[in-house]
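Please find the structures below.
Next, two complexes with chain A in common: one pairs it with chain B, the other with chain C.
Up next is the complex of A and B:
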């Protein structure tokens, strides 16, 4: 296949990718439904984790796109379409969120009027933590993400044909406007869907904590797709190790950032030792939750730190593939660790169930399918982007 | 205005040749200081003297001369300390983090910003040393085996500060010096004075601009940048721990570490812009410290200002959300209590005015940006004032409520710290190249191999 900046020819993704995605998605949905009829709350807690995970990848990807525009970065331009395809998850969140709205009662203690009537603190929070306002906030967040996704990706696609530089300018403006909205919505999502599961607990850094995980997860997903596509020669041949290095370096940076934020939160709460804050961590140190807490540090920080530290590792396709899958798993563990201990079954330690293994199948299938359909409709290279030539010439 | 995104913006404007760059940067070092230089030096020296006198009197009579009282045990000393450490964050951020992010525009401003970092950290170091009240005993801050078996309290963030700030200072200094070596060599090669030649020869450590030297240099610079990056973040993180590990409402909140770091970068950049506006004018460096560079720094100020605003909002929201009465009281008291004036100065200078930087015209207008960055400096000083004083001045029991008013000695010492800072800055401009000659040369058109030629091709 002849590639050049000027006449880029599209290559269709293999159709077995669709079959794999479809198979996993259907298997995930069926198993999820079975789980739902066996153990409704457990299934919904797991579904919540999946939902947050898809927010991480979808909305995190949109953040990465806007970062490219705002920073006027060039190296990431030939990879941007991959990121846009992942951001295509965003509009589907409208559908994905619906089952959660019907299970607010299963998930959130504050949604029980009888619990609130006995609890002075929850009464104080009621103006914020009530089902109506909760649903409004969740939908508003998805609307904001979708609008920005729609316009930014539309302009990017349009540029393939028109090669109009004005579209870059418009997208820079949209991206700059998106970032403050992103900061607020991602925080509200973190507080609403995860922090309020334990409605008595509070931490001002919680939004930043979820943000850090979001960026790690979306970078890992992007890296995984980029490496896979490069292996099968779908990317422009001038996408070299130097581009991969930049992805690896960013992952390394955000792994550290996540650890920094997680440590800050832990240290300050541990040091001050105020019972209204410590109980949240103490709960995650009960029984077999200890294993999860330690595993989180090892998986989300120590291993990726060690693997990505050296310069050659950041360019090594094999290592990048391994670590991006690893980090996606780590982010899933992070969400699991945030969400699951709030289920009453797990009050004194983790109780295993096969249900916990079902939902990741659904996530993988879902992401593959979204990517496949979006990718087959559009170019895999933003061929009209004015920065493309610069980007393909990129060397460290 | 239309921008051509297919081309990189030139890092150096005006098509300067390599030798012109060197001439331009080295010019202030070749000439004798003029009248303006001595005028500036005497003003800053005057401020320094005021501070020195206030400090000597404080040592002689004790810190009863200051406004600190019960319950406000931390006053200007801590406010100024945090303020100056914050200022000291831009330099190493520009030289290390922007280096790792491959931001070429950093070359024009890195040297000056790094120098400011070093001077600001020196100013900062002064305050914890004097706030002990008996600075001649500060040696005990260093943990060393002694016959009294007297050790520092390792679990106190105040001692972590000693380690963090001194490590940061050392690494920033080394980083700065490493960057200076090739420039000292260039100066050695061009000077005709014998004394200077000797001095520059010693400082340049036998640098010959050879390929091997550059190879080692670039490796060392990269490693130092990697090493300095976590340090930049750690210093203000630990400063934030001074407050946040306590259980005092208004101090104890988990967002403090990243919030302090963002605030530090915010204030540091504001100070760098404030000074560079004058430097580029006085030393005729408009082609090297270009309007694009200033605009980029203003964008960083806007971004970090938004982060700071996010933290303000978050603290307020969680104070309400937590349902903890004392927490709620502190924040209501901050915004509407006796120190409301300080709080609203802080909010307007740090969150409201920087929003003007959303407009490209304002980002690129020297007078307007000067006003905004000075407001940011003011706002960030008040932020530390608000955090320190308002959290303390109304203790849990209304019988322990008070009001803190700084004395003239407090103000004098603050003025003195500015005097120290600017005296060092002014001396620096006449002794060391204010822009990294070798780094700027490396980013001019045609200096690096490129497919499409330079930006002007």
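Up next is the complex of A and C:
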């Protein structure tokens, strides 16, 4: 029992995974560029959605890791590498954010001085909503995430070799420090990148709303990878359905949390019925946006709630695979619903374009590639973690 | 004389051993056995080969019942039996009801889970068990891990089981006998007396605290202060209320008395002191939309959503209303008219006159004449030229 991690032999991921990832990524980039030259604002709004989606998965994963450390959880230890590999998206955000900086004028109404000069409200918000400060905040957030990602994952990897228990202690401290930073940066990111698309609107719960979606999306991504890896037997054989159960249960919990927060936001605005707040929802109830709004409730809450309610469903690999893909799509829809109606062509309902279908291709390719390269470079099991044996013996 | 045997029990030293024991016992085909441990041991359900508990269905059923009750409750009270317009929301305002549905769902689901557990799984009123008050039970709530197999099991064989336990590494083996007679401790006079005493003591203490203790010094310091309480007898003037009637002719600050208050059809009324400036009309519009439009409609047509739920508010474009003097409309706002209540306390004097001016605008717009069009055209051309 002492050395159960010895049963684990590292297997390289199949190289066709790389080909698939590369293919999707290149296809996504080329189509995205074509889209950019055909319809620049639309391409950039879509790219913004992709960027937020990647923040959700990357930063959300880092949050899950720090949650494991501060809660001193056992069960997730053998899965932590999977989560770390997904968090590897974070440093790449430095590059991903650049195109957005160059299209601030396409995206944000408040970035036009002539609009601000005619608008008292925007003048009042100008000290916060101006391009310089905006860019500083965005970069600062990525710097903070990257630093924490760098140190936490470096310690975790180092432990594979040194088996130094102190590294776990260090990571617990880092995680505890990260969580408040995470709370602030994720709120600011949500407000900056999405709420300020409609600069007259405000909702104090908006940051929490995005946070809820972030956790759902990162849990779904982790579950999807874990189930896939387990199916193909890349994980330690002692990673059982009981480990999956915890993922399923967390997903279920956060689906509920998301619904709770989404409804709280809606209820207060509906109740107070102030025109300066309601117009945001009314817009999303205009024309074909109604379909999106209803689809969001069904996809992001009702279906996953029903599927994950029973205990056996939370450990069933097939159901988990289905629901994690489903929830990733739901989160994409959520971001689409938050961002897209702010584009002027959609003023009275959604107007379809093939461009909207291109960017998810890019996201999938990107995530697969990041994961592939990280996973092949390192162990898929944190073999030096002092809690590993206990974690592998985990049963519910 | 030894009582009838209830079960054979064994104690083990470690969680690993008890898991192994549970697994072995279940594998040998025993069904009527149970495990007692000082804390929940992970993996026990699987080792004991237990089927998933059915309790979840009880929870689900009662949870949904809670949702249904919430829905019926809110729908019946708010939309059918006593419909009230609240904040201009529809009578069946689902978003406002959802918190209630949610709370009732959770409440019924949790209560049903707890009581369902008592009722179905513990066999109320049967709250005693042969393993209570045995050394075996004491040890399993201390630092040992116990397992017992009931004599009612079809494979029960005392000596074979004891051998099995010994082979598995049991540190101690017990024969657990049925008690002399089956008792129901919850019906025992001692327990019932205890409940009654607790009830009397708690309610008595609450009563005394609220009605006596709070009136004893120093607890009453907060309550007895050197001030007059409203609607009380005065502490200073014998036989007089604490609230004094103002001296005749007193006028509150910033308040100009209205001389025609309470008269339904005054023969003369005040004249309009306020000019219909743009600023003033904006104010009038705002106040009209807040206070009058819910009944008289946004443009004074009397077509608000209150139609049919309240004595129909009349249009303000009738000949009668157009021929009202400004002062008469001011009078109706201040005094009310029949079922229309007074808006004196909601709208200030200036705002009332502003509303009057705005109503004049509405009336004029609705009954525009050829000559008005000329004026409007000139205005338009002037603006266009600029």
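Operating definition for what follows: the second predicted complex is superposed on the first by the 389 of 396 C-alpha atoms of A that agree within 3 Å, B and C clash if a C-alpha of one lies under 4 Å from a C-alpha of the other, contacts with A are read in each partner's own complex, and residues count from 1 in each chain.
Just so it is clear, contacts are C-beta pairs under 8 Å (C-beta built on N, C-alpha and C of every residue); 3 or more make two chains touch, one makes a residue touch a chain.
What you see is a predicted model; the values in this text were computed from it and never measured.
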{"item": "Greater residue coverage of chain A in the superposed arrangement, chain B or chain C", "value": "B"}
{"item": "Which superposed partner A:12 touches (first chain B, second chain C, both, neither)", "value": "neither"}
{"item": "Partner chain(s) touched by A:180 [first = chain B, second = chain C, both, neither]", "value": "first"}
{"item": "Which of chain B and chain C A:310 touches, first, second, both or neither", "value": "second"}
{"item": "Partner chain in contact with A:95 - chain B first, chain C second, else both or neither", "value": "neither"}
{"item": "Which superposed partner A:396 touches (first chain B, second chain C, both, neither)", "value": "both"}
{"item": "Doubly contacted chain A residues - partners chain C and chain B", "value": "267, 271, 273, 393, 396"}
{"item": "Complex interface listing, chain A residues touching chain B", "value": "72, 74, 120-121, 124-125, 128, 165, 168-169, 176, 179-180, 183-184, 187, 191, 200, 202-208, 249, 256, 260-261, 264-265, 267-269, 271-274, 276, 386-387, 389-390, 393, 396"}
{"item": "Contact set on chain A toward chain C in their complex", "value": "242, 263, 266-267, 270-271, 273, 309-312, 393-396"}
{"item": "Residues of chain B that touch chain A when the two form their complex", "value": "2-8, 100, 102, 230, 233, 237, 241, 244-247, 252-258, 303, 306, 310-311, 314-315, 318, 321-324, 358, 450-452"}
{"item": "Complex interface listing, chain C residues touching chain A", "value": "42-43, 45-46, 52, 56, 60, 87-89, 95-96, 98-99"}
